[in-house]
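Two complexes come next, and they have one chain in common, chain A, joined by chain B in the first and chain C in the second.
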Partner chain A sequence: MAKAAQKTGIVEAERHPALAGRNASAAHVTLTALEPAERISLRAPEASLAALSKALGLTLPKKPKTSTSKGGRTALWLGPDEWLVIDDAGGDLLADCAKVKQLHSAVGVSHRNVAIGVTGPGAETTLNAGCPQDLSLAAFPVGGCSRTIFGKVEIVLYRTAEDAFRVECWRSFSDYVFTFLSEAARDAAA
Partner chain B sequence: MLLIRCPYCEEERPELEFRNAGEAHIARPTDIAAISDDDFEKFFFIRQNPKGIIYERWRHLHGCARFFNAVRDTVSDKFVMTYKAGEPKPSKLPGVSK
Partner chain C sequence: MSGAFRISNAGRLTPARTARFTFDGKAYTGVEGDTLASALLANGVHLVGRSFKYHRPRGFLSAGAEEPNALVEIARDSARKTPNVRATVQELYDGLSAKSQNRWPSLSFDVGAVNDVASPFFSAGFYYKTFMWPKSAWKNLYEPNIRSAAGLGVAPDQPDPDHYSSRFAHCDVLVLGGGAAGLAAALAAAETGVRVIIADEQAEFGGALRFESGARIEGQGGWAWAQGIVAQLKAMGNVRVLSRTTAFGYYAQNFVGLVERVSEHLADPGHDVPRERLWQVRAKRVVLATGAIERHMVFADNDRPGVMLASAARTYLNHYGVAVGRNVGVYTANDSAYGAAIDLKKAGVNVAAIVDLRDNPSGTLIDQARAAGIEIHDGRAVTRVGGKLRVSSMTVQPKNGGGERTIAIDALLMSAGWTPSVHLFSQSRGKVAFNEDKRFVPGTYAQDCVSVGACNGTDGLAASMDEAYAAGTKAAKEAGGKATKVSKPKVDADEIWSRGMLGSAPGAGPDTTVKAFVDFQNDVTAKDIRQAVREGMRSIEHVKRFTTNGMATDQGKTSNMHGLAIAADMLSKPIPEVGLTTFRAPYTPVTFGAIISHARGPLFDPTRRTPMHGWAEKHGAVFEDVGQWKRAWYFPRAGEDMHAAVNRECVTVRKTAGLFDASTLGKIEVVGPDAAKFMELLYTNPWEKLEAGRCRYGIMLREDGFIYDDGVVGRLAADRFHVTTTTGGAARVMNHMEDYLQTEFPHLNVWLTSISEQWAVIAVQGPKSRDIIAPLVEGIDMSDEAMPHMSVREGKICGVPTRLFRMSFTGDRGFEVNVPADYGQAVWEALWAEGQKHGAAAYGTEAMHVLRAEKGYIIVGQDTDGTVTPNDAGLDWAVGKKKADFVGIRGLTRLDLVAKGRKQLVGLRTKDPRVVLEEGAQVVDNPNQPIPMKMIGHVTSSYWSENCGRSIALALIAGGRDRAGETLYVPMPDKVIEVEVTGMVFFDEKGERLNG
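Entry: the complex of A and B
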């Protein structure tokens, strides 16, 4: 991107991450605004999955509420033909998908989403303040993921460890989600 | 809160993730321009609104975002069963005597 800007002489706009520098902690929970990542919203029929998995370098999960992770890339099952693929390692997901000839739709949503990390023994209680799902380990195991709601906002929830969740929400809702989580974290500590 | 079983997510999810989408199994006329106004009214506006078992479309909006069909009792508000969109109307309902 920077190279292209030099060539064309276009000055790149300065980007301000929505939750830059924000974090909060209570007795049992820590909230962190996670680093920006590459993301795509991927939709594809069954017949394209093998080719897409090969191009992305990880197997796309087919079972509801599951995810696969490999080399800094994570594919989250959202629906029967829908995935959210996140790359923390700086890879170019769109370029990888562009190589695939089979029918699919890959839309870059890197700047649409903002991720918040919720960690600590009170993470479940904190999230349950706004999320109606059963987040116990039996119902929502490590690696489990789901699109759901948090308060009045749609989020994608991904359990990275027994006491750690990644909350993906839309950028314009991130302030609401972070503030709600901070208050819930305070309540979870009480 | 009601727990509704999504046939695509294969588990029960809280009601807040779902939206009702009206009566199920209403076939759109193949040639909609050819039907009379009365027939169009019947297709477009007239719904059964029964007291008891109703077949409805629901959407798992804040989940897998898929439409599916559900059988619900309008008196007790209990969900009898849910099944994938496109599947035929179930002839036998579990736990319903009639």
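Entry: the complex of A and C
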């Protein structure tokens, strides 16, 4: 909510997240626009990983398509020198990285990305309407993640439970992704 | 009663479950489980269509996907009309409404049939030879008329109200075809625990077991066994069973496209079920069990309604309980037709005679037929048939000539043998081999697949199932399955169908005027193939295109081999030397709906909206499409047209201020100790010495020296740049930079991150811009001394973080306020409220274009076209003269890039200030020269400038800067416009307003 800053009398800008309040449900799947979160795009060479992991309080994963999670923070492996780090607990990821002297690039993308939760026994099927990856538990286990496509746009897909995924996409594509997911959900039996 | 030809105690349908339907307006009754074909045949209806070219009456040839004749239109309502549906695969539902096609005024009396009488004029290649002159008439006269006379169904004229879905899937073993072989392979694979998908185009699995009454497996009838296996497979967690699903395309790396008809067979599908579902499956191993298709006999008038494939008649009897006639004849060169004759005879249908082209055929089936008392005429041919709308007799003659005999019949079953269905194998890029049985069978494999059963040329149920079971086990093992104890099904009895014949039988010619059809759907006769060869076609590919054999929607499923054999015979060459035409996807026609699936309406392409879109909408903005983005074009007030609104917006910005949504600009954060070095290499400008907190206009070239993109870059810190790109260039500039970083400059310690959507951008431009922003800002000194033009500061606005740029794309004092995207709308609203105090306006992309043109600022992609250098655009000042290297530096020294007379960007003033030039208009230096005139350039940007009180334009003109002051001419259709060449700046030439 808008509130007056202490000294200046400037009214603080209200946040209007994309997809705010949007949700949809079908027989076997529920779609939810997830709460805003802190995010950084982290780039770093191997030699900096120990220091960055320490500063962030979790071990940055090195294996393709895996993630690590601790204390409301999740680091998703996106490439050999690239991670998407998400903080749901209100931590300041940029400040934590700023303390690290070792070579790296941390860029804030909290507002660039929008997250959609896809949950239910039909979640996998719903996503497979537009995502060509093998989403079976054997190939894409809980904690698995991947930068991939959904229909015509790029997404980051992260499996949070056997029947739950987090879909991250860019803000202006979120309406497309949500609409597509809603359509796909209609055809997603368990 | 579901038809006079329904035989009690035959078939597998439940007679009590009736379904009503109409064909050409007449009401009939069928049974649940019928196809439209079986239901019509049960009612004695054979005449269902008119042929493509000659409008000959046609009936059902087959009982499956290969059907060339029985194409009908199925209409659920005025929008749901599907043309060219094969009646043999359309399942009956209560209320189905079908219509015949390509006839007028009616099916039994069709005026177009005059083509049949005139057919000597319509021989192969007729269209190519006849309608050559005049050339223009082809497009306007001949083609449209030929198209409407020849034809298939009529495309629906309303938007498709149905919806379609898509599904990607992965599996270890994909089995295509659900006959005995496919089921055996799937069972073998499934038992090892691997993921199996099995698909079949029919509503029920079983394939040829639908009609093959002699098959017994595991102590039960073949069909019953198949249903038991399907139930077993469905119960397994690792198996997906897809019925009504056609594999239509086999692509690279075992990627197979399938279409599942989800609700085509339902009377009331409801709204939630898609009509069709597109499956795109990636499989480790593919087992092809696609079966074989029976060939017809090629003889005179073999297309009469009532003449059909023996396996079709047998299917109608054994599965649907329908007799295709009461007194049938059989014409064959193969054993399998005997099975049909025997079954019909047993069911009480009179079999007038079996005419077998072979001398002294022998075998179990032949013995059985004789024992059943069926008359067999061996070594004889059917030379013609009687009847017009329905076959009424067949004329039999010894194949080497002799006395004729005419036998009355009401249906004629024919079989020339079976063609292995190698379509999908061929699509997988496998090479077929011609075997000793004169069949093209899979030869060399190109992908991880294996063919089993009839499609592999394997005869007999036991042999097919053995082969399939072994292949299924092997495929599963290769895909990582565990060896298990398996329960291989045991075949107790089967039928062996020995080989048949290819090409035309006696009575089909040669060189007679009879129509012995090879390709029913395209009306290609044996005579046409021979003519093609006589006219010089040597390759089967040429014969195909000259005659159109095999080119219709059935893609030659019944005709290819006959056509090939006739051509080979004419050429006196062995069949493999003439060659088989290539099989291409789709195997059977696929609807556009299935291919498009979800990508229609709002999902056709993403529509991207900025964080401030809602505000603009509320304030009456008219939007324009810029790539996928919706951008506010202008904000008309009551009574304003576009012209008036843009004029007001332009004047207001220069008088007080304007707010502009620049969020769509591409933005890239370049971070790392080598960031400046990287910028030096990617842009023409120098960056090393740019201080933190300052900005610079940068130009990016391609390797060839031409302008690729431009934008203002702010240096936030020694190791951090905030780069902006054009809206349209955002994605490709990022790729261009990343490409160079990874391939040319991998030694640099720098990383690129797209932040286009992290930041909403509000441009506040005009003399009052600082006054509007300042009250909302904390932590930034906005005085001219502390924050001069082309600088960037980080601080807070409205209590949220901002990257505040002082920069101008209008030539007036200006700022661009970057805030995290979710705050864009609120900060815009706060700035708007401040702006209102000063009389500021919101302006759109049109005013933005005019204002920048007044200052001669270029837009990459509008004033440049990929052939413009910085010098051409008057931007030499932005190229670092002392720089040793940057992308494009060598390109810039190419001879033609430094030659005199290149097109240069200049300003144009029309002599009449009220005349606004057309963008794209060509410019000449002498309007009196003869046409075609020598063009010396063209207009790139042109507007009415209310601030200048006149029109303004930019143009690329050969040697333009040396022509300053010259008069040039812009010839238009109705007049010639005189223009004067000027500099590019039309407003505030000294640039004083940047600090005004």
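The rule we apply is simple: the second predicted complex is superposed on the first by the 176 of 190 C-alpha atoms of A that agree within 3 Å, B and C clash if a C-alpha of one lies under 4 Å from a C-alpha of the other, contacts with A are read in each partner's own complex, and residues count from 1 in each chain.
Everything below uses one rule, namely that contacts are C-beta pairs under 8 Å (C-beta built on N, C-alpha and C of every residue); 3 or more make two chains touch, one makes a residue touch a chain.
If you're wondering where the values come from, they're calculated on a predicted model, not measured in any experiment.
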| item | value |
| --- | --- |
| Touched partner set for A:G91, first chain B, second chain C, both or neither | neither |
| Contacts of A:G72 with chain B and chain C, given as first, second, both or neither | neither |
| Touched partner set for A:G117, first chain B, second chain C, both or neither | neither |
| Partner with the higher number of touched chain A residues, chain C or chain B | C |
| Contacts of A:R147 with chain B and chain C, given as first, second, both or neither | first |
| Contacts of A:P132 with chain B and chain C, given as first, second, both or neither | both |
| Chain B/chain C common contact set on chain A | 132-133 |
| Chain B residues touching chain A - in the complex, by the definition given at the top | 1, 8-11, 13-17, 62-66 |
| Complex contacts: residues of chain A adjacent to chain B | 64-65, 78-80, 82, 132-133, 146-149, 154 |
| Touching residues on chain C, where the partner in the complex is chain A | 163, 165-170, 195, 272, 274, 277, 280, 282, 598-599, 602-603, 605-611, 628-629, 669, 671-673, 749-751, 753-759, 775-776, 778, 797-800, 819-827, 830 |
| Parts of chain A lying in touch with chain C, wherever the complex brings them together | 2, 5, 8, 10-18, 36, 41, 43, 81, 103, 105-112, 125, 128-134, 136, 139, 151-153, 170-173, 175-176, 179-180, 183-184, 186-187 |
